[in-house]
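Questions regarding the structure given below will be posed in turn.
Chain lettering (A, B, C, D and E) follows the sequence in which the chains are written, and residue indices restart at 1 in each chain.
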Amino acid sequence: MKLFLKDVVQSYGGLRALDGLDLAVEDTSCLALIGPSGGGKSTTLRLLSGLEAPTSGSIVINGQEIGDDTDRRRRFRKQVGIVFQAYNLFPHLTALANVALPLEKVHGYSTTDAILKSESLFERFQLEDHMMKKPAELSGGQNQRVAIARAIAPDPDIVFLDEPTSALDPEMTAEVLDAIYGLIEGEKRIVIATHQMGFAQRAADTVALIAEGKLVETGPSKQVIETPNTPRAQKFLEACLDR
Amino acid sequence: MKLFLKDVVQSYGGLRALDGLDLAVEDTSCLALIGPSGGGKSTTLRLLSGLEAPTSGSIVINGQEIGDDTDRRRRFRKQVGIVFQAYNLFPHLTALANVALPLEKVHGYSTTDAILKSESLFERFQLEDHMMKKPAELSGGQNQRVAIARAIAPDPDIVFLDEPTSALDPEMTAEVLDAIYGLIEGEKRIVIATHQMGFAQRAADTVALIAEGKLVETGPSKQVIETPNTPRAQKFLEACLDR
Amino acid sequence: CSNKKPSNLLIVGMELSYPPFEMTDEQNQPTGISVDMAQALSRELGKDLRIENIPFAGLIPSLRTGKIDLIISSMTQTEERAQSIDFSDPYLDTGLCILLPKASDAKSIEDIDTPGTTVAVKQGTTSHIYANQHLGKVELLLFEDEAAAALEVAQGKVDAFIYDQISIYLNWKKHTETTIALLRPFNQESWAIGVRKGNTALLEEVNSFLKEFDSSGGFDALGDKYLAEEKRIFKELGYPFFF
Amino acid sequence: MSFNSLFLEPRKGNTAKNKSVRKAVSFLVAILTLSIVLFASFATLSYQWNWEAAFRYRLKFLDGWFTTLKISSVSFIFAFVIGSLSTLCSKSRFLPLKYLSLLYVELIRGTPLLVQIFLFYYVIADAANVQNRYVVGVAIMAIFSGAYISEILRAGIESVGRSQLLSAKSIGFTEYQTFRYVIAPQALRSSLPALAGQTANLIKDSSLLSIIAISEFTLNAQEVNAITYSSFESFFPLAIGYLIITLPIMRLSRYIEERLRYDT
Amino acid sequence: MSFNSLFLEPRKGNTAKNKSVRKAVSFLVAILTLSIVLFASFATLSYQWNWEAAFRYRLKFLDGWFTTLKISSVSFIFAFVIGSLSTLCSKSRFLPLKYLSLLYVELIRGTPLLVQIFLFYYVIADAANVQNRYVVGVAIMAIFSGAYISEILRAGIESVGRSQLLSAKSIGFTEYQTFRYVIAPQALRSSLPALAGQTANLIKDSSLLSIIAISEFTLNAQEVNAITYSSFESFFPLAIGYLIITLPIMRLSRYIEERLRYDT
C-alpha cells in the first residue's frame, strides 16, 4: 500500500487537530500510527478511511485521491473496514445483527450466509455466548471484539483499526494479532492506531509517530520504536513499559 | 485495605457475570484485577464500589458490609472515586464542569475552589487546552484523563479504576502511575482492573485473576504475574506481550 | 347553589352572537334588543344586572346548575326545552325561513322536502328540531356556525339553509349575488324567557314585567331602535314583522 | 400482608410472588380515589339523571363513533406520510424546499385548526373543485396532524448521535440504508410517546370537522345533548367512546416502547 | 449567480459569503409559492370582502387576544408544575400514587377537552364551590395540558441512558442532585420540541373555554363573524393573532434546542 498525505489540515472550530501533516509511505502491509493522546491519530484514521474530508491538503492512497469529492469517498468506503476507538456499535441491534446487517445489505450476502459468516467470526473471538446481546449488555472487550468482527467480516481491501486491543486481555490481543497476520497474508492492507508499542512492533512493518497534529518520525517499526532519531520521539518512547 | 468477598453472584438475565466469587485480601494498598475479557472485572468493580448490589453473597471492605442496604451503599459511595471503562462523562457538560460540579455539589467546595482544583488537575494531565470542550469533542485519551481527574479530584479514600490507561500513550500512562503512587502515599487505597500486565505489576502490590466469574488466583503481583501457580493463570499470562 | 351570590344581583345568560338581538358593540360591551330588555327588567325588579355571555348549548345547563337566573337569548319555546326549564309568556313571534342558491327553483318548504336534497340547519336550534320532525326525505347537515351554512348555500354545496327569519335575511344580504331568500315563515314559533324550574316567584315577576313592557310600547321602541331598515323592507315585501 | 408488601413496588431483582396482586390492589385504590371525588361532586349537584333519553339515541352515538374512527384512521395514515415527507424536505439541501417545509410546520402548528378547516374547505377545496366533505375533512386532518408528526420525527431523527452516522458511513451504508436501518428504528423508538399523543390528539381534534357538517362523534353527542337537554348523559358516552379508541393506542405505544428499549 | 449557488445549502465548512442572501431568496420563494396558491383560490371564490366591519370590532379582537394570552400563560405555568409532579409520581415506588398518575395521564389524554371542561366546571368546581370561571378555566387547562406535559417529560427522562445514572451515583450525587444536574438538563433538551408543540396546543385549545363563557380570542372572533357576517375577515386576524403568540415560542424553542445541542 502506498500512502501519501500532503499538508493535511483538519480544523474543529478554532482547533487544528491536524496541523499540516505530511506523510509518505512507499510500500507497507501494515502501518502503525503512534503518538501522544490527542496528537491526531484518530483524526488521521478518519481522513484516510474517507469518513471525513480534510479542511485542506491532499490524501492519496494507492494512487487514488481520497479528497473533497463525496461520491468518490463513498465508493472508497465500501472497500474498507473500520474499527472505531469507541466501537460505535449500533445500540438497538444485537451483536450478531451489528455484524450480519452490513454483510447482507451492503455486500450482497444472503441472510443465511451473512449469519453463518458472522457466527464463525464470533466463534473465533470467543463471543458465541454473547451474539444475542445488545452492545450495552456486553463488557468493554466484548464490544471491541464485535467491532473488529464487523470491520473484517466483508473481507475489505484495507482495514483501519483505532486502538483495537485497548480493552482486550493478552490472550485476545494475541488472537487479534493473528487475525491481522491472516489479513496481511490475504493481501489485505492495514492501518492501526495504537498505544501498545509491543503490539505495534509485532503487527506493523512501518510506524509513523504523530504528535500535535504533525508527523514527528516515520520508518520501519523496529527502528522507530527501538532507536528513534528525533528528540521528541525519544522522549515519547522512553516512558514505554512494554518496549 | 481489607477486602472480603464471599460467594458473590451477580446475574444479568440468565447470565451469571459473577458465579460465586470468593476473594479475601488481608492488606493491600493497591489491588489489580486481571483476567480475560468478559471475565467479570468490571462487574466486580461495580459491586465493590457500591454501585450495584450483588444478586447474592457478601462483600466486606475494611470491616464494613457493602450489602443489600441502599442507604449504606450511598454513604459509602461518597468516599470513593470511580473511573468507568467507558468513561461515562456527562455529555451535556464541559470537561471542566464534569470535574468541578461534584466538587461543588457533593463535597462542599466553593465554586472558585472547585474550578481551581479542577484546573490544577487538568494541567497535571495536560488538558489545559481542552477544559471547555464537551466529551464528544475530546479524543479517547482526553476523555479518559478527564474521567480520572473527576474520580480523584475530591480526594476519595478508595479509588476504583476500570482500565484507566487503555486509551493513553506511554507518557500519560506513566503520569497516571505517578498519580497512583501519590494516592498510595497519601494513605488512599486503590483497586484497578487492567489488561496491561506491566502496569499492573508496577502499580499494584496484590493481583487477583478473575475468569468466568470466579477467582482463579490471587497473591503478590510479582509472583502471580511472573510465576503463576494454576494452569489457567499460566495459560492466560503466557500470551502477554509486555510481561 | 343559587343562594351563593348576593340576592340583589340578576344574572342573565345569553349568547352574544345573534345580531341585532344579542351582540356586542365596538367596545366589546353587550348590546342589542335582549340586552335592553334585560336592563329594563332589572330596573323593574330593583336589582343589579350582570350579563353572562354563554354559548347557546351552555345556556340551559348554566340555568339548571344555578349559574344564571334567566335566559334571554332569542330562545324559542319548545316542549322538549320546557321539560328542563320553565318559560315565561312569549314575547315575540317569528318563524323559520329558507335560504337557497341562486339557481334553485324551490318556492316553498314542500319543494325542498324531496329525496336527494341536502338541507343545512344550525344544530340545536328550532330549525334543527323542525327538520328532524318534518323533513323526512332530505339529507340533513348540522352546522354550529351559521356563516358556514350560508357559505355552503352560496357555494352550492347544499340545496337549502333553514333558519329563523332575521338570520336568513341578514345572511342573504351577505351573499346577494349567489343566494335567494324565501322570507315568508313557513311555521309559527315564539320566543320566551327561560327560568329555572321551581323558581316561580321570579317567573311571575318576569311575566308581569313582559305584560307591562309590551303595553307601554317598549317592544315597538326596540324595533325602531335596532331593526328600522328591516321593519321597512319587511313592510314593503308584505311579510309579518316580529313586534 | 403489611402496608409495604401491598403498596410498594418490589425492588428490581426481587421476584416477589404477589406482584400482580399488588398491582391490582393499588390500581383499585387509584380508581376508587378518583370515583369517590366524582361521586361526591355529583352528589352535591342534585342533578336529575335522564339516561333513557340518551339511550334512545344510541344509534346516533354509534354512527358518529364509526365516522370518527374511519376519518381519523385514514387521516393518520396520510398524516404520517405527509409528516415524513415534510421531515425529509426539512433536511433537504435545496433551500426553498427546506423553507417550504418549515413554513408548513410553523403555520399549521401555529394557527387554530378551526381557521384551517374553514380556509381549506371553503376556499382551497372549492377552488380545486373538490366537493366531497369527507375527502376534504380527511385531507385537512392529515395536513394538520402531518405538521405535528413532522416536528416529532425531526426531533427523533436529531436525537440519533453523530457517532451512529459515522458508524453507518463506515460500513458502507448508502444514505437510504443509513436512514432505514440506523436512523429510523432509533428515531421511531424515541418518537413513540409523542406519536401516540399526537394520534390521540388527531382523533379528538377531528371533532372540529363538525364545523363543516361532518357528523362525527362529538357533533352527534352534542346533537343528542341539544335534543334531549341531558348534557352529562351524552358527555359520558362521549368520553368513553373516545377512550375506547385512544386507550389501546396509548397502551400499545407503551408496550412497544418497552419492547424496543435499549441502552446507549 | 447560478441556480446552485442560490438555492443549495452550502456544505458544512464551506463558508460561502452569500449565505444569508441564499436564505432570504429561498425563504421568499417559499412564501411566494404559498401566497400564490392562496390568492388563486380566493380569486375563484368571488367573495365580497368587508374588512371595515371586522375593523370596527378591533377592540373585541384585542380583548380576546389578551384574555387568551393571560389564561394560557398562567395555565402553562401550572400545567408544567402539575406535569412534573405527575411524572414524579409515575416514577414513585408507592404503587397507588403511580397508578393514580397513570390514570390521570391516560384519562385526560384519552378524552375530549370539551367533556372535561363541562364536567369540571359544572360538577367538580361547583361542588368545591369555586365560582370564578377564569379560575376554573385556568385550572382545567392546567390539568389538561399537565397530562400531556407529564408524558413528554416521562419520555425525556427515560431517554437519559443508564450509564449516566451510574455515573451520577459514582460521584455521590443524591437522587435530587442526579435529577437536577444530570437528568433534568438532558431530559429538557430532548423534550423541548414536544414541549413547544404542547404549548402551542395549550394556547389554541384554550379556545374551548368559550363553552363556559370565557370570552377568549376564538369566541370573540366567532362573535364578530356572527355579528358582521364576515367569516374570512374575522378568521384571518384570528390566525395571525395566534401566530403572534405561537411563532415566537416555536422559534425560541428551536433556538434553545440548537444552543443546548451536544453529542453523545
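One rule holds in what follows: a residue touches a chain if its C-beta (ideal position, glycine included) is under 8 Å from a C-beta of that chain, and two chains touch if they have at least 3 such contacts.
Note that the structure is predicted; figures quoted are calculated from it, not measured.
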> To get from chain B to chain E along touching chains, fewest steps?
Replying inline: 1
>> Please tell me whether the contact surfaces of chain D and chain E are same or different in residue numbering, using the over-half criterion.
In response: same
>> Nearest whole angstrom, what separates the Cα centre of chain C from the Cα centre of chain D?
In response: 38
> Whole-Å distance, chain B centre to chain C centre, using C-alpha means?
Replying inline: 82
> So what's the Cα centroid distance for chain D and chain E, whole Å?
Replying inline: 15
>> Suppose each chain is reduced to the average of its Cα coordinates; what separation in Å results between chain B and chain D?
In response: 48
>> Can you pull out the residues of chain C that are in contact with at least two other chains?
In response: 57, 61, 65, 145, 148, 151
> Out of chain A, which residues touch more than one other chain, so two or more?
Replying inline: 86, 136-137
> What are the residue numbers in chain E that touch two or more other chains?
Replying inline: 118, 122, 126, 162-163, 231, 263-264
> Can you list the residues on chain A that touch chain D in the complex?
Replying inline: 46, 49, 51, 74, 77-78, 81-82, 84, 86, 88-92, 101-102, 105-107, 134, 136-137, 150-151, 154
>> Per the contact definition, I'd like the list of chain B residues that touch chain A in the complex.
In response: 12, 15, 34-39, 42, 85-86, 126, 129-130, 137-142, 144-145, 162-163, 166-174, 195-199, 202, 235-242
> Which residues, counting only chain C, touch chain E once they are in their complex?
Replying inline: 1, 4-5, 13, 16-19, 23-24, 26-28, 52-55, 57-58, 61-62, 65, 67, 145-148, 150-151, 170-171, 173-175, 177-178
>> For the complex, give me every residue of chain D touching chain E.
In response: 7-9, 22-23, 25-27, 29-31, 33-34, 37-38, 40-45, 93-96, 98-100, 102-103, 106-107, 109-115, 118-119, 122-124, 126-128, 148, 151-152, 154-155, 159, 161-163, 190, 192-194, 197, 200-201, 204, 207, 218, 231-232, 235, 238-239, 242-243, 246-247, 250, 263-264
> What residues on chain E touch chain C, complex-wise?
Replying inline: 46, 48, 56-60, 63, 118, 122, 126, 129, 131, 210-213, 215, 219-220, 222-223, 225-227, 229-231
